[in-house]
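One structure is given here, and the rest of the page talks about it.
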């Protein structure tokens, strides 16, 4: 696919994700950490308008002056922002207007893409990668919203097949030593994947596959949520203050059976599927209970280059014990685009791999996803190390 | 109008209020005290379904079992309730489904109304009065929602005319003595307006009209929001913690002129119109600044029976200094309906009169509206006493 | 006693209350609503210094300039105040310095009291009444502080005798009609007891004695804290959010028996003693459960002038259903002294009578004590009306 | 010094720190993160009683059964804990009783120390190191407490001399490569300093000395607290929500000069002294403004083994960019002692060096101090890297 084709494909995919939803579904915000689908659709468009059209169009006029503020996420360099917790109150512009906004920007982008400079190409690529990140958030934010509804509505109607048997968890050994991590190829990567650099690893082992719902259920039934000795102190505080007793969307029904809220509505727990929607605290406590630990991001990335590991990509993101920090020699991009990653490098933890909600072609071994240790609404699970 | 006609008229009016709004507008909740329009439309329908259809239909089947919980406001006697602050997350049922819910209940109500018993008539009348109360809330909640939007959208397009000159404020004297207050006629009233009873009033005076925006602006410009000596202690705490410096929807523009957000969008402040959207604290401080005070509800009701007072009804609700309390001998209705009023009789203050958002025919001199002292989003203003 | 003698007696009584306490006990603040004993001792002294010495001494010099801010409670007219929740952090001045402050001010007051003007006499009387109010707070605040300590230490060592049998609760009828309430005599009263004025009362009945611990226990055992139908809506919210299941200092021990924390440490519940440390919400719910109600303050005061009621004074304060509001024609004193009462007249409820912690000679039938509906740490109990 | 001598010296030093303080000073708690001095004195004693006396005394009897709960800090393995934010409410036991508790435990420890096993020696050493950590907290917590007092009282009376001129900041280069960090010697270290292990470092430079107050003032005057581009996103949120505009104890006086609250009271800002009482956010923003960065803990420790760096120890702790995490192969001690460090390894950042409040002999290059990124009340400053 050439760039204009890729542009069209990625942009179309965002609208496709909204297709099963009503305008009402697209406007609601279930918590400050999540955003309405409509906001995601507008904000990704704002990104192209602000960082590309405004720069490359000779006679740039904003689609709507107010959108500059409404759909800015966090770029202080651009000016004011609408307060994040109030995104669900923006009943205007309507979904129809946001669709028109997308169409208008797409048409103007198409003209620029007819004669792209190198710099433009690189910004468009960034914009598409950005849009793909929001596509994953659309899925996780909608899932969270629908889960709040006592009617437990489904996003998608087709019922998925149960997972195949998970198979034995094997421990794969790795030698360690001085390793190189960080993006190496010639394609796109985010600034936080650079520079590629050396790091030292002691010999280690990784689990061949992810922890399953069935294995995690054993932890619950063994009293894992009731034993402070297994938990980080902060994690234990959360367990108590939030009343955590299982992953985010699980529920023990009146008859004792476990169910999980999914994009297909509430369903019986699939014991062979990877456990998801656990915080770093829960992942760490589970590992502790097993006599294992979580991998560092360097261990994960280093091992991912070698054969043997299953479920690296496409199942769920995998918590690492690595705090999100700049690589040695990290340089953010100049200007407002430089706010993309660097300023979030504190009190967050890195997740590696990708999930079933990650768009096609968006995953790679050097990719650094990151969330606070208490986050649970993403598709986040557990690969063990020791 | 006979009862079936009145039923149709009132129910139709609720839909008419939603007519200028999109489905997105109808789903959002701007704060825990406010509710989405869709919720109001469903909850008023739930009232008829729960308190009338369920009781009088031989073969009653709920329209949808989940609605029993979703659209219960606070009737503990009925069972579970959906948490109030999460009403804005109910993207399902859709507005279309809620319209169908209304139509379905209306059709069944029509059958019952063809042969109404006395008890049924009385419950229907209560249901319609209840619906009218929610009609006023639809207006005030929508106003609050739209005011949060930086684009300051209008609910209604037609621009209103500026007010006529307010005219001189005159003081009308009343004799006091043993007076009777409470509902006296043979028509409908809420249980909190009964029993009619004696009370003793010292001689007093009431202002002939409401305090205007222009008069209130003078209070602001004289430093009213900066002088603790004028304020109740709790009010002064609010002024400081919330940064209050003017009524809720006022704004001082960059050029120094004052504007007010209205249902017609943001407009220049109308100096002759009654000041609105002030808390009891602000009303009390303003009165203090004038050397006056707020009336008691008994003074207001007693005076309203005599000639001379203007703007009693149809402009805005008027704060009284009376705490909302049961009248001597007050008896709530039996059963869940009895939760309508009595259990809210603490830490609220009575407002009298009615507002421009009060439905036709809903106002009367004995009517007791009530809100917490800090509430500002209703159409609430000031009549002075001394 | 002449005024200098009364001055000495009241001032000495404050120190006597602190006598069983260590300096450490006197410095701690158990919650924002309570104050350290040391603060009470200093603040009551500040009152004399600020409102009397500063006004009547020709060559007034403050004892310590910083005390003007540190020990101001809420008089905005006097200037800055130390934030209330941080009173427990004032380890300096020490108790020894506060004792010196008291002695210094007392010596200077003695000189003024040798030749008192009428105005001085009236201010001194107010200062002593103020000090007596704080004496009751010293007791209740110390009780609250010691109750937080897992060791449950006693303030006083002598063990009290159990109460006599409470005797039958009788209903005493009163005629109602136009009554006069408010202070009538020629002695001291607070501004909020004036002016004496007429009010109209429907015929009513009051309980001859207070509700006992045993009676309240029956309410608990009948599930009173689990039935929302008994509660004001706000009260029910508190029951749930705070987990209320009994009066503040009660505890159900492992063996099922009930105990109560008292100034003599934790002791078995005295079933014949009046129930205390209940909020207005609990008092109202209990009354509701009995098919009774709480009296209004006018009913209480009117009946107190007639024979028959027991436990009016000296047991515990008695919640009324009356919101704390100005009497018709109320005029606060001019200047900062005028902040004493009026500005608190919102969202509080009146209690009548007096408690075992009320200083000798401080009680009278027209006295209006007031606290928010959720307050429980004062000696507050229940007299029923119907 | 032999072990009994060291025991006596360290234990005596804790009391010496309390010597300038009144019992009232020792009882107050200025915020949940800080503890009363009395609590520190009792808790360090509890540590010896619980982990040594209870284990090694044949006929162990607790000094007071309640102290087991009152003075447990966070060891879930030991049982219940008194809630941290309520430590300031423990007016009993008194300081005199806590002194008696210390004396009683010390006497019993002396008997055990007469015939110490290897295991006992190692636990006593841990207990003394633990006590030294609390000695530093005594100083910082007292400083915070006194700073809340508007009278700004001094802990120590002797006025310190102003600092010598700071001298030029030089950049010292280090080669990097595979380095070893972690404790290496044969003496005591905490479990979090082990195991010594290899790590890879890119070549780097460190500043020869700490950032001074004068340098930091230039950052302030250049608008550092007003430019979001310099800050981590979380840091910028703090700047806005807490109104940060300078280090914790600084104040700009009415005449424009800067002062700082110190243990000697409020004093003019010493421009040549190292800046202290800044959060990681402020340290990072300052470094960003300089075009520099904070060192990693491995860089710091590695460089500390080489000549050239000044102010490594004894001035103030130095923020690193390293999240507090277990070293590869980390093993906590078995039992409750194992709760000492490991469970805090999330959302905290490592500080290296030591401060003027660190007890003699407690510092070493491998020492890992740690606090949340927003903490400011410790003696924490800035060494730059690049």
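Going by the order they are written in, the chains are A, B, C and D; count residues from 1 in each one.
We take it that a contact is a pair of C-beta atoms (placed from the backbone, for glycine too) under 8 Å apart; a residue touches a chain by one contact, two chains touch by 3 or more.
Source: prediction; values computed, not measured.
Between subunit A and subunit D, the least number of touch steps comes to 1.
For subunit C, the chain whose average C-alpha position is most distant is A.
Per-chain CA centroids place subunit B at a distance of 57 Å from subunit D. Distance between subunit B and subunit C, defined via averaged C-alpha coordinates, is recorded as 36 Å.
Rounded to whole angstrom, the centroid-to-centroid distance between subunit C and subunit D, based on C-alpha atoms, equals 44 Å.
Put simply, subunit D touches subunit C in their complex at residues 22-28, 30, 38, 66, 69-70, 82, 86, 88-95, 145-146, 148-151, 153.
Within the complex formed with subunit A, the subunit D residues making contact are 74, 76-77, 178, 197-202, 204, 228-229, 231-236, 280-281, 284, 293, 321-323, 325-326, 328-329, 339, 343-347, 373.
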